[in-house]
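Chain lettering (A, B and C) follows the sequence in which the chains are written, and residue indices restart at 1 in each chain.
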Amino acid sequence: MSIAKTAIIHAGVKLGKNVVIEDYCIIGVPPRGHKDGELETIIGDDSVIRSHTVIYAGNKIGDKFQTGNKANIRELNEIGNNVSIGTLSVIEHHVKIEDNVRIHTQVFIPEFSTLMKDSWVGPNVVFTNAPYPKSKNVKDDLVGPTLHENCIVGANSTLLPGVHIGKDSIVGAGSVVTKDVLAGDVVAGNPAKFIKKKTELPY
Amino acid sequence: MSIAKTAIIHAGVKLGKNVVIEDYCIIGVPPRGHKDGELETIIGDDSVIRSHTVIYAGNKIGDKFQTGNKANIRELNEIGNNVSIGTLSVIEHHVKIEDNVRIHTQVFIPEFSTLMKDSWVGPNVVFTNAPYPKSKNVKDDLVGPTLHENCIVGANSTLLPGVHIGKDSIVGAGSVVTKDVLAGDVVAGNPAKFIKKKTELPY
Amino acid sequence: MSIAKTAIIHAGVKLGKNVVIEDYCIIGVPPRGHKDGELETIIGDDSVIRSHTVIYAGNKIGDKFQTGNKANIRELNEIGNNVSIGTLSVIEHHVKIEDNVRIHTQVFIPEFSTLMKDSWVGPNVVFTNAPYPKSKNVKDDLVGPTLHENCIVGANSTLLPGVHIGKDSIVGAGSVVTKDVLAGDVVAGNPAKFIKKKTELPY
């Protein structure tokens, strides 16, 4: 265990074995309407939380978790084992992230998104969840994207609310995904269109 | 009033009633060429400045101001009441933001931009203001975008220098806006094109 | 020389004359597999490292270096004189940046990228270096983009792995660059296409 002197650990935080928390991190921040320590925050064994990262309370995080510097994770997420959240990436609340997911740098993942196991999200990718921002029922209408197993979302892509990115599929860099991507498809463009099957790629 | 012990407050900062400033924030940083305290920095009543946020000197900010964690606000902006600047968003200098504007996460707003009241800016949106970067007269030619009242700019969109986004209009996620958007229009694409009138939307 | 009390300076850091390091910075962080001080970190004369910036060990950085707030620079980069890395921008490792390069805000530059002298990178630009993320040989296949001298990459553009952006060329804002850009060309769009020669621009 290695907790930097300048790291701030709130009440209710339960750290596994051999966890490293670097300088200027804040862990277990109570979200609005909750008292300090009211929500339990669990971070699994062998995790490394890099400097200036903020993690709110109520997260259940598995073993071998890694953050880059300055990551930001809101409350009440479920995060599996061996997950990595890159430098300056932002995870909002009520997100489900399964085992072995890798989220790269400067990514944005809003509430009610689901990332199934082994999926990979490139730098600066933006998920969205509000079909009608500023509408009267916006909070009831929120629906995040779903990444199915082992898919790849290329750098700086934008996913519209509620789209499903199929198992083993690939979204090319810079795409704007406005509808579901079928399992095993490669798509690209704005709006993203079918390019080929992943099985046609040379690797 | 609640000022974290690790928050650094420079001279010349005037905080309203019930302001919260969280850990590792720095407020009232003197910009280049100015001494500490030379420019007044005003933050209104009931504001919450979340951890690791940096606010330079010379800002006039209204009541009920909120920042997400790690926001960054340069000098000499005018910001109205009930404005929210999201996590990791960056506001440069000489920006005007009117009442009830919401700027989401990881947004970039350069100098000389104007955001009129009730407008909404999605995550990772990028405004630009330099028609000819690196040109001899670049500093004289800077012209930021203008958001008119109650417009919506979808996630990861890019606004070219000087464009006007009309009142009640909507820019779809992932758009690149190269010319003005008329009031009440919905546009999308790269470059962004007219899709329909907002009145045709089902909400 | 002005080193803030809250700045953390690791062993092996050699600072030039008149260097400023602001609050909550961490300089000389040993990367995985290295001990504190094992790699030398050099920052040249008259450099300013703004608050909350993290610089890993093993960087060789020239004179008059500037970072914005909260920049993040990994290990083992070579950075020339008079280089600026903007607020919240991320430089990974093994990147080569020549003299007078300006990297704006919230940019992502991955390993094995090259930025030749006088090039300019706009806000939220994303470079990529993995042709086949998650493939078996991904680490061997990494190839970053190359910016040739004096080129301009507009805001929120995406550069695919290994592309060359020619000398004096311009990539328009919001572009997705999938193939090389010839010297002196102006390109834009998704995918980026030839628009005109830079010599046809009115400046």
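Assume contacts are C-beta pairs under 8 Å (C-beta built on N, C-alpha and C of every residue); 3 or more make two chains touch, one makes a residue touch a chain.
Given the structure is predicted, the values throughout are model-derived calculations rather than measurements.
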| item | value |
| --- | --- |
| Chain B onto chain C, rotation angle from CA fit, given as a multiple of 5 degrees | 120 |
| Type of chain A:chain B copy interface by residue overlap (half), same or different | different |
| Whole-Å separation of chain centres (CA-atom averages), chain A against chain B | 25 |
| Residues within chain B bordering two or more other chains | 6, 24, 52, 70, 88, 106, 124, 156, 190 |
| In the complex with chain C, residue positions of chain A that touch it | 6, 23-24, 51-52, 68-70, 87-88, 105-106, 118, 120, 122-124, 150, 152, 154-156, 173-174, 189-190, 201, 203 |
| Chain B to chain C touching residues, read off their complex | 6, 8, 24, 26, 29, 52, 54, 70, 72, 88, 90, 106, 108, 110, 124, 126, 128, 132-137, 156, 158, 160, 176, 190-191 |
